[in-house]
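Chain lettering (A, B, C and D) follows the sequence in which the chains are written, and residue indices restart at 1 in each chain.
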Amino acid sequence: MSEHALMSDPGTTGRFGDYGGRYVPESLIPACHEIEAAFRDAWADPGFRDRLTTLLTVYAGRPTPLTPARRLSRELGITLLLKREDLTHTGSHKINNVVGQALLAQRMGRRRLLAETGAGQHGVATATAAALLGLEATVFMGERDIERQELNVLRMNVLGAEVVPVTSGSRTLKDACNEAMRHWVASVGDSYYCVGSVMGPHPYPWMVREFQRVIGEEARAQCAAELPAAVPDYVVACIGGGSNAAGTFAGFVGTTARLVGVEAHGGAAATSGRSGVLHGFRSLVLQDDDGQVREAHSIAAGLDYPGIGPEHAHLRDDGRARYATVTDDEVVSALVRLARTEGILAALESSHALAWVIRAAESGGIAPGSTVLLTLSGRGDKDIASIRELL
Amino acid sequence: MSEHALMSDPGTTGRFGDYGGRYVPESLIPACHEIEAAFRDAWADPGFRDRLTTLLTVYAGRPTPLTPARRLSRELGITLLLKREDLTHTGSHKINNVVGQALLAQRMGRRRLLAETGAGQHGVATATAAALLGLEATVFMGERDIERQELNVLRMNVLGAEVVPVTSGSRTLKDACNEAMRHWVASVGDSYYCVGSVMGPHPYPWMVREFQRVIGEEARAQCAAELPAAVPDYVVACIGGGSNAAGTFAGFVGTTARLVGVEAHGGAAATSGRSGVLHGFRSLVLQDDDGQVREAHSIAAGLDYPGIGPEHAHLRDDGRARYATVTDDEVVSALVRLARTEGILAALESSHALAWVIRAAESGGIAPGSTVLLTLSGRGDKDIASIRELL
Amino acid sequence: MTLEEFLTARRDAGRALLVPYVTGGVAPGWTDVVRAYADAGADAVEIGLPFSDPMLDGVTIQEASDRAIAGGTTVTRILAELAALDVEVPLFAMTYSNLVFQKSAAAFCAALRASGLRGLIVPDSPLEEVGELAGAAAAEGLDLALMAAPSSSPERLREIAARSRGFVYAVTRMGTTGEDGGISAEAARLGRDLTALTDRPVLFGFGVSDPARAAELARHADGVVVASALMRRLLDGAGPRELGEYVASIRRALDRPLDREPDEQYAPLPRHRRRPDRQDPVGPLPRG
Amino acid sequence: MTLEEFLTARRDAGRALLVPYVTGGVAPGWTDVVRAYADAGADAVEIGLPFSDPMLDGVTIQEASDRAIAGGTTVTRILAELAALDVEVPLFAMTYSNLVFQKSAAAFCAALRASGLRGLIVPDSPLEEVGELAGAAAAEGLDLALMAAPSSSPERLREIAARSRGFVYAVTRMGTTGEDGGISAEAARLGRDLTALTDRPVLFGFGVSDPARAAELARHADGVVVASALMRRLLDGAGPRELGEYVASIRRALDRPLDREPDEQYAPLPRHRRRPDRQDPVGPLPRG
């Protein structure tokens, strides 16, 4: 597949270089085919595109602004621009994808959305889109995440979604994915599995990237208006599964911008993972010598995932994007620093990207005067309780 | 003043009919004059206006969308349009006012913002604007509200603001106002009192309405694009001090739209108050036969205020706007209903406006087929913990 | 005799004026406190009519007000108790606008007058809001005292001095009532500015917490109002006798010849001072 | 003899095939369970190589896998223990793609072969991903069995039937492994469809929870795989003897002539059935 342009249509096999594919039980194969066909059809249908654009605009608050972080830029000696996904309805980029998939589910005649969630943002977004379109929602969430992100659990309840606690394994996102897949097998006739990141079997990694592409396309146009050079030197985003990064990168992959994905130190699949197969796709996976998948550890529930979207694995191998890690401590101080210099409370997940920028700018890894676009994937209200103890 | 157009400049005396004025200690009079002069100057300065518009756009997420509440409209037999202040940065309309006042404080050379807060939204907004502009922030908050709105207290802390618990009186918004005023007297030289609603001594009620006017002006233009009749039949907003309502009404006062302000049953100054003087202005105030101010009681901390902005008192007397009350129970079920039909989690405050619309539509008070613009003043994330017990 | 005539006569007799304060209804028998003040050498007594939201008061007077309201006190009851009280010195009310405007300023002033009060002071009715009230007070023969603050401009000081009746209340500091905080140079300057502008007595209030401070302040004007220092003692359990003794100690300090060197810039005022003719044009005052 | 030859011969001998399952390393001495199965009349034994994220498994096999991994088991150790085991019936592995592709499919298959296993099944490597693995398995003489599901289209069923080796694993239901849930009409149909498509043995798996169900299902194909029902007993404390007895009870049920009326639509299969020639063009199958 190396003759393909990066970040284009991965074809019917869903391969990004060596990665991707459709490693699911036979029971799910027809559903995957059906979804792929429905998505190809919808994506080529101006009526569907219109409906999606309308909802993203009048409902979800797009386009999101590009905010120059003036005081922090001055401190760091760079020009830092923030793509404000935190200002979308429900408070993170997850809504972009979910509105798209929910419209698709409706078009396919499904009456229920299934979803896994880590930080709860994707679960809230799914519950939201379900309510909006009159669908049911069942959200699988690890018990540990339920404790860490109680606020989001309550939000889902108020929105009318059923939240199913997952007690297996590490009781975090990875196990919620397993459980959602199992449930999907059992209810594939009336349920649509609304995957929350650029992962899962084909067509999900591609489809979710396409639904998140709006971030990168808006940002690209905004940078063109804002920056003398039109394109920033760096484009930085955090990586859980990698959807906000993929959506952002998609807008800049054809430019000279350096693309940087930032993972949690304890969930660094792109930097410490080996090739493997998990949750329906082949990618880089954190695993032990025997091939057992390791638990990820991150202060950010949304990054507690031992894999990475297959396209990111490919972008890494290709060298088009690089991937870095930051520690929990760096993340918390980045969060507080942004709050106090710009009045923006970023999600712990998004603060990973910021922590890398701060470190790189302060260590000279980013040259002074550079321009940096950072996707602020979500707001930090959900994290306040967890960082309270760390302040 | 009755020859004045409604919702215009109240002149140097700051009177709206019988209401308004500047009932503050002599110590504060020079500060009030200075602020009035600075505001008049700034408001006439295109540079200031530009800076404000830029911040509201690239930072705070304006314009906010107008969302048709399709499923709920169908249920109610009306066309309900939601003006989405919940999508602004920090999650409520309070940011519009605070960015304006913080820019003014900076222009006046002040280094600190003081604020009172009830729900904490104004406090968070003030802490935010202070961080953005490099100012300090001290926020007064009743002890009872601190308990009810713990999340917002933590947000203010992370943003670097000092939150001062107020233990006097009912330990809610009214007492926080007293305490902020007292503190202002003592620090008027370097501090700017950033009032959170259309209340306080002249020029605050007028200035805050002007800073919130953006809601009404945007909504007016959006309605013109959305509605065949260009103007909705009803324009509805909740009333604490009355700033989101004032900003909204300002865009429609010259139209045929019926203006409705909705108060909490237990804080219904417009419907059960008598003329009085509180916190620097004359208006309708909940008070006992002896003139002691009563404690307001509402499930929504932001509506727990025994007064109402003076301009609302005047609009009531004039008959141009009407004021209604709803009960806590109606509010909670309105909140849940909106969440489940539209996927929008509104603040308890905003849910008051919705509760009235639901009651009026279901009882025929609003004729079937009517068009209703409702200002959704803020998002409900902050309220999740308090409504959990009520579900 | 009006409040102003009474105070002016005493001031002109060379006496530093002393006005202690009590919150009406703060405790049963509170009128005995008024009597004790009078017996201890007060020149007038300020009676607080308690309000739920006393914006200009610090914690002590807030607490006294809350206690009085919680005890069931009302303006009507306080005025009735005062009407039954017979003391040698004039009494005046201190309260907030919301109580004044309950029915109307006229009704309120008539009630004060009927209970024998000679004046009033309303901290949240500044010059711009005081018109109606000033008329009503004058109609009832009550003196409406106005407050001046360190932040007041020369023009405002002139207008305050001109429109105040009874005395001018010079606020010593930018802050609320209360005991903490020293006496600032700006207080001294305010006292001098006001005494230069008016023949009426000028009294300092806010932070007059002990005899020494009272005496120090009285050098720069005609006397002092003492409130929180007394109310703190009352809330802590002091009765009329102890409060009277404390007032007497301030009285003694005020009457004692000063043993410290007079301030260079602001020499002590001579009593029986000669005022500039009020019709004279007055130039802007130099400010520090 | 290959797995397929072994199973086909037994099936053609008129025997309903019985394949019990055990998770490798689930408890010390787990190979005794394999032996007990063989002694109790198993026609082959399925050995689970435990994976941390067994997407297609229900709670019972998840728990068994977790227990095995927590006990320190690895694929290498399981294969070594199997190499040392001598039983009369063929063994094959069941595991997930991540373990298969650790080094390479070829290395994995070579290791299986070296330990004496005859085949494997990998539920998350469907037709579209199975190419490399199928080649590697064939190269080592291992039979790679494929799964068919009630949701598979006729075209896919044909391809699965054609490419599967050893047997075809017919998933009885849309769901995970586990005991709950009845046997659906779609399972019966799937069995019939597959047996019409291929001469290879067709075994039902998922939800074969007791002898009666096993016997009922075996009417619609060539036999059954029993997993969760056995592993639940093992996790609850049953040893090789009890597990062997349970397998024997299923064996008896399978061997007993059916006493119930045969289903109208889906009559029991004759053993020694004649298959359509695999070269014959096959038209689309009627679906229910």
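Everything below uses one rule, namely that a contact is a pair of C-beta atoms (placed from the backbone, for glycine too) under 8 Å apart; a residue touches a chain by one contact, two chains touch by 3 or more.
The UniProt protein names, listed by chain, are C, D = Tryptophan synthase alpha chain.
Keep in mind that what you see is a predicted model, and the values were worked out from it rather than measured.
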Problem set entry | Fewest hops from subunit A to subunit D - one hop per pair of touching chains | 1
Problem set entry | Chain groups still in contact once subunit B is set aside, others held in place | A, D | C
For this session: Averaging each chain's C-alpha atoms to get its centre, pick out the one most distant from subunit D.
Result: C
For this session: With chain centres taken as the means of their Cα atoms, state the distance from subunit B to subunit D in Å.
Result: 67
Seminar exercise, completed: Chain-centre distance (mean CA atoms) for subunit A and subunit B, in whole Å, is 35
Seminar exercise, completed: Averaging C-alpha coordinates per chain, one finds the centres of subunit C and subunit D separated by a number of Å equal to 98
Exercise. Of all residues in subunit D, which are in touch with two or more distinct other chains?
Worked result: none
Exercise. Based on which chains are in contact, what kind of graph results: line, ring, star, complete or other?
Worked result: line
Seminar exercise, completed: Those chain pairs meeting the touch criterion are A-B, A-D, B-C
For this session: Name, in rising order, each residue of subunit B that touches subunit A in their complex.
Result: 57-59, 61, 64-68, 71, 84, 86-89, 91, 127-132, 134, 151, 154-155, 157-160, 335-336, 339-345, 380-381, 384-385, 387-388, 391
For this session: Flag every residue of subunit A that touches subunit D in the complex, lowest number first.
Result: 13, 21-31, 168-169, 174-175, 178, 181-182, 185-189, 275-280, 282, 285, 287, 290-293
Seminar exercise, completed: Given the complex, residues on subunit D that touch subunit A span 51-59, 62, 66, 69, 74-76, 96-99, 101-102, 123-129, 146-153, 156, 160, 171, 174-176
